[in-house]
Amino acid sequence: MSWLRGPRRNELIWAFLFLLPLLWTLGVAFAYAFFRALWWSFCDYDLFASPKFVGLANYAKLFADLHFLKALFHSLSFAVIVTFTQTFLALLLAIALNQKIRGLTFFRAAFYTPSILSSVIVGLIFIWFTYRRGVVNFLLTVARNYYPYFLSFLGLVIVMQSTLVLWGRKRGFPVRAFDPVYLWISLFVGGVGAFFLGHFRLIQPKSMSPVDIIWLETAEKFLGIPRPLWAIMALNIGTTVPTMMLFFLAGLQDVPRELYEVAELDGASWWAKLWYVTIPALRPVMFLVITLGLIGTLQMFDQAAITSGVAPLDSVITLAYYVYWNMFGAGGLPRVGMAAAAAIFLAVLTLVVVLIQRRVGIGEKAW
Amino acid sequence: MTEQRRVDQAWFARRRRAKAAFVYAFLGAMALAVVGPFIYAVFSAFKVNPLEWPPSLNIPRLWPPNWVSAWNLGIQAGNNGWLGGWAPGRALSLDVVFFYPPGVEGDLRVEILRPPGRGTYQPPDPRPVTHVEIENVEEHHGPEGYEKTFRITLRNLGAQTYPVLPLAVVGPPNSRFLRATLAPNSVRGLGTTAYWDNLVSGVLGYIFSYFIQAWTEFRDRLGNPIFPRWVRNSFIIAVGKVMVALLFAPLAGYALARLHFPGRNLLFFLVMFTMMVPQQVTFISNYVLLRDGLFGISRLFGRDSLLNSYWALFLPALVSSLGVIMMKQFFESIPVELEEAARIDGAGIFRIYTRIILPMAKPALAVLAILTFQGSWNEFFWPLVVLRDMEMFTLPIGLLFFRQYYGAAGGANWNLILSGTVISAIPVIIVFVLFQRHFVEGFRLSGIK
Amino acid sequence: MKRLILLVVSVVLAFSAFGQEKIIIRIAGHSVDKPVKEALIRDVVAPKLPPNVEVVFEPVVDDYKQWLLTMLAAGTPPDIFYVDVYWAEEVVKTGRVRALDEFLAKSEILKKEDLIPVLVDAFTVDGKLYAISKDFNSLVVFFNKDMFDAKGVPYPSADDDWFTFWDKVRRVHNPPEWVGICLNPDFARFLPFAFAAGMPFLNPDGTAPFARPEAIAAAEWFSAPIRAGFGATAADLGVGWPGAAFVEEKAAVVIEGGWLIPPIREGAPLMKFGTTFLPTFGGRRGNYLFTVGYGMPVDEILPSKRPDLVWKVIELLTSPEAQSYILSIGHAIPSRAALLSHPVLASPADPFQEAMRTVFIATGLPGTVPFSFAPVGSIYHVAVAEALTKIFTGELSPAAAMQEAAKKLNAELKR
């Protein structure tokens, strides 16, 4: 064992010492835990009597359990819908807002607020907002009651903008349909006009009964997915898109100017620039974001646990929560075998989804 | 044609500025949409009933004239405008205005109520012995009736200081309460009865009454309030985890970055792999591990199970994979020449690590510390699994319990829940505001694998 | 020699201190009871126990019944636990709850005659008593006197029948300021009226009784305020439950139990309100008895291993002194018959004590049944609840909804 002598041996010893905490963690809290869970997934175990080997019975029971199937459906639809919606929304916004922005620190601070707060805090405020007589329904009620104002505003803006654009074009300027300067003027005129129409009672807010949508305390479904889950999806998307947009924005601003200039010399339209320059440049970043997004959303637990006191369990249950529920929630003794089987299933599912995403996903070219 | 082209430069510039204005406006709107709910939640923590419909921004506790009144009442009651308290012998005056429709006669009735107890428990009844004087100070005749202003003077005839003075003022039937020096908590009895939770709370006690309530009201069997315990638990664990992380993560990161040993790449790959496996897989075994006292070791120290203890939150995982990866990446960015030079000078690995590497790692360590603090403070899943005893809860779990206890349909006290939420958000917000740069750095690094 | 004696004496003393090992008796109950229970233990129970015995209240945050079943199955229950009449039979059937008759027979402080009979029956399964009722509640009518005075309507009284009652509610209805009654599609409020109308728990042949004419008539009567517009549900009024609507003066009448008393005391302590019994139908009145008792696990799994000591704690918790304490803080109505002569109940001094007295007497009236659905189980009231919801939203007529409920329950019963 000559290679163990001297400085080499010294380095090995130090490496071992340095790595001790990590080895403990990986060994006990991860590897040992992983294999024990795997073993228990093939057993019937209730934490008190010793585990009894039952082969694949637990996995079979999983697919016969309505709660599991619901959780599976919820997790998959949640993962797909949330990940893709938030990525593409963030991308679109980043492209639309792509320019040098000053005071980015301030915006970043604002956008990061939900990320730094505990999921419990965000969840509690969410529950409070979505109460039947809560802020969300209140805003919807106000919006609905004031629709005459909104319609007249829109009308005025369209009229004003078309007038200005046509006038500008007649004078020979290369005015585009959504010309920003004219648009500001139109918006101002629209706003003032709508205000005065209301002031002189030409239009009035309607007073209709309050919007009474039950967001969480219901089991109703929309397109097959329970409404509480849609609400949680909206919450996730709403809190993730701003920061993701900033991330894409940074990526966009790293795209070398020369690429755009070459495209413009070739006479490319904004759509062509987008498709042939911007998106390919962002491919690797997007791939990363989508992969991480899928992993995170497949394993969603916190929001399900926090809202499970308010929304029906079967409407918000996800795979991760199903595991927890089998251990601590279902009443009676913990069903460790089922929980472990579901957990292993979740891990495998995550892996499969990531592999599929690598194969099929937006990013193959970059790899 | 030449004229138009000259205009074109400035013309395009205006377009660009207008477009930029739209971008900033949109970003501003987004910022408002994201931060707005939290700000509204903070304001609503001061409301009597955050579930009111329609929700309004008319919040008495945030209305400065009420602050002045609370201050004055506090001074009158005991020379303490900040915290109030009704000292023996002191008298305080409150002006109330009632509306009397024609034909309605009668005096006010003033009643000092029992100190409010929460829910089913009523504390014993030490109501102060009081001398009450009601004076009709002014009257305004209006077309529909009289507006009568009364001055109510209350004098403490007892021998002790009372921290709380809950009051009810009742007008005759068909009269209506209009206003008073200090806004009442609620007006009932079809408008005849105005209730005050506490007249002698002082300014701070008045403004922050629900925060104080959330902090002090829920007590354990020895009478100690539980919410501060939750805060303490969260702090101890967060600080502890930061120290543990600062100690262990750089060690592992450095070993992976610069030391040579067989299986180095495999180890690194394993670390990355752990980040993909959900907590749900490993928590079952770790839970049982703790229940059995970590292979029985804890029995040596007299404990059968490590569940429900601080240990449960530190063990069994000692280092976070993210921290290790972050430190590794940072160390790899340090030029190798520095270390090689030190080695030539005869320094050993440990010396190099402590004298050269660590001091250079300060920025990365700062990020690690902040991320660990925030992660620990907000941690939800693992504490939910291992903590059963109410006194051992960390803040997130405690808040969840608050919602069950105070948010149930029966006795909705969402102002307490929101107050608890605000209190638990403060430390993280402070850290964030001070160290924003590092946070963002950390988020960016966590995305890069 | 002296030193030796000193040594021996001190060692003996030390050992005797050891011999007096600490015994901890654990009571597990709902977390909302924490402050009351701990005050009760501190002020009434602990002083009467030997110094080495400590009584600890451990609140349960989750679903209490599930937690208890888990603990009993695992063999790690607390010494004393709550038993809610709603699920008493289910828990007793695990075979791990101790029958208390022998203790009761031997007890000097607590005798069967001391307890209110209907409460004893509530916890008797197969002839044996399994829990001592700690307090109880039933439904009464709460009404706001100011609102009735303002509209010149006579107060609801014990003489009211279903029709005079709704007539009064209709007359006191005063939109938009307040509604006549705040009523939720709650099976626990509806079923007593159905029983009063003559609907049996199950048909003699064991099928669902909901399609019977009495049941449909009760459903029509019960939903009249919502369908005719002189009442509203809690959600319509923007509150979480009818009690909140009452406290916030959005409704003139609600049908609730004694649990409404503390919220009124907290939110509107000077409210002028009254209470009376539920209205009658054909001279018959129905009511539900809600009660929770203290139970013990069987000796084999009793953690403290001292059944006699645990029984003593139960005795102390239900002693006249403890129940008097509870009564005086207005928490709930205690279970000892003798307390009817307690000043609070005998000569009530304020609306709150009057309300407690009404609840107390209402429980003893004929027609009161324990709030339990054994042996059918929760499917019984789930079917009723669904029917009521549909009636209240107008989706189905009372007749159609009740028939649907009967069909649903029959389908479940066949399984």
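Each chain carries a letter (A, B and C) given by its place in the written order, and its residues are counted from 1.
FYI, a contact is a pair of C-beta atoms (placed from the backbone, for glycine too) under 8 Å apart; a residue touches a chain by one contact, two chains touch by 3 or more.
From a predicted model like this one, the values you see are computed outputs, not experimental measurements.
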Could you tell me which chain's Cα centre is nearest to the average position of every protein Cα atom shown?
B
B-C versus A-B: which has more C-beta pairs touching?
A-B
Mind checking the centre-to-centre distance between chain A and chain C? Centres are C-alpha means, answer in whole Å.
45
Approximately how many whole Å separate the CA-defined centres of chain A and chain B?
25
Cα centroid separation, chain B vs chain C, in Å, comes to 36
Where chain B touches two or more other chains at once, by residue number:
51, 53, 404
Give the residues of chain A that touch two or more other chains, as numbers and ranges in rising order.
133
For chain C, residue numbers touching 2 or more other chains are 238
Of chain A, residues touching chain C in the complex
48, 132-133, 212, 329-333
Touch list for chain B against partner chain A, complex:
4, 11, 14-15, 18-24, 26-27, 30-31, 33-35, 37-38, 40-41, 50-51, 53-55, 248, 251-252, 254-256, 259-261, 267, 270-271, 274, 276-289, 291, 315-319, 324, 348-350, 353, 374, 377-378, 380-381, 384-385, 395-397, 399-400, 403-404, 407, 414, 417-418, 421, 424-425, 428-429, 432-433, 436, 439-440, 443-444, 447-449
Within their complex, state which residues of chain C touch chain B.
31-36, 38-39, 41-42, 56-57, 59, 61, 146-147, 149-150, 177, 234, 238-241, 243-244, 248-249, 259, 262-263, 265-272, 329-332
Of chain A, residues touching chain B in the complex
10-12, 14-16, 18-19, 21-22, 24-26, 28-30, 32-34, 36-37, 40, 47, 97, 99, 101, 105-121, 124-125, 127-129, 131, 133-135, 138, 141, 172-173, 179-181, 183-184, 210, 238-239, 242-243, 247, 288-289, 292, 295, 298-299, 301-302, 305-306, 309, 319-320, 323-324, 327-328, 336, 339-340, 342-344, 346-347, 350-351, 354
The answer for chain C against chain A in the complex is residues 62-63, 65-66, 69-70, 73-75, 235, 238
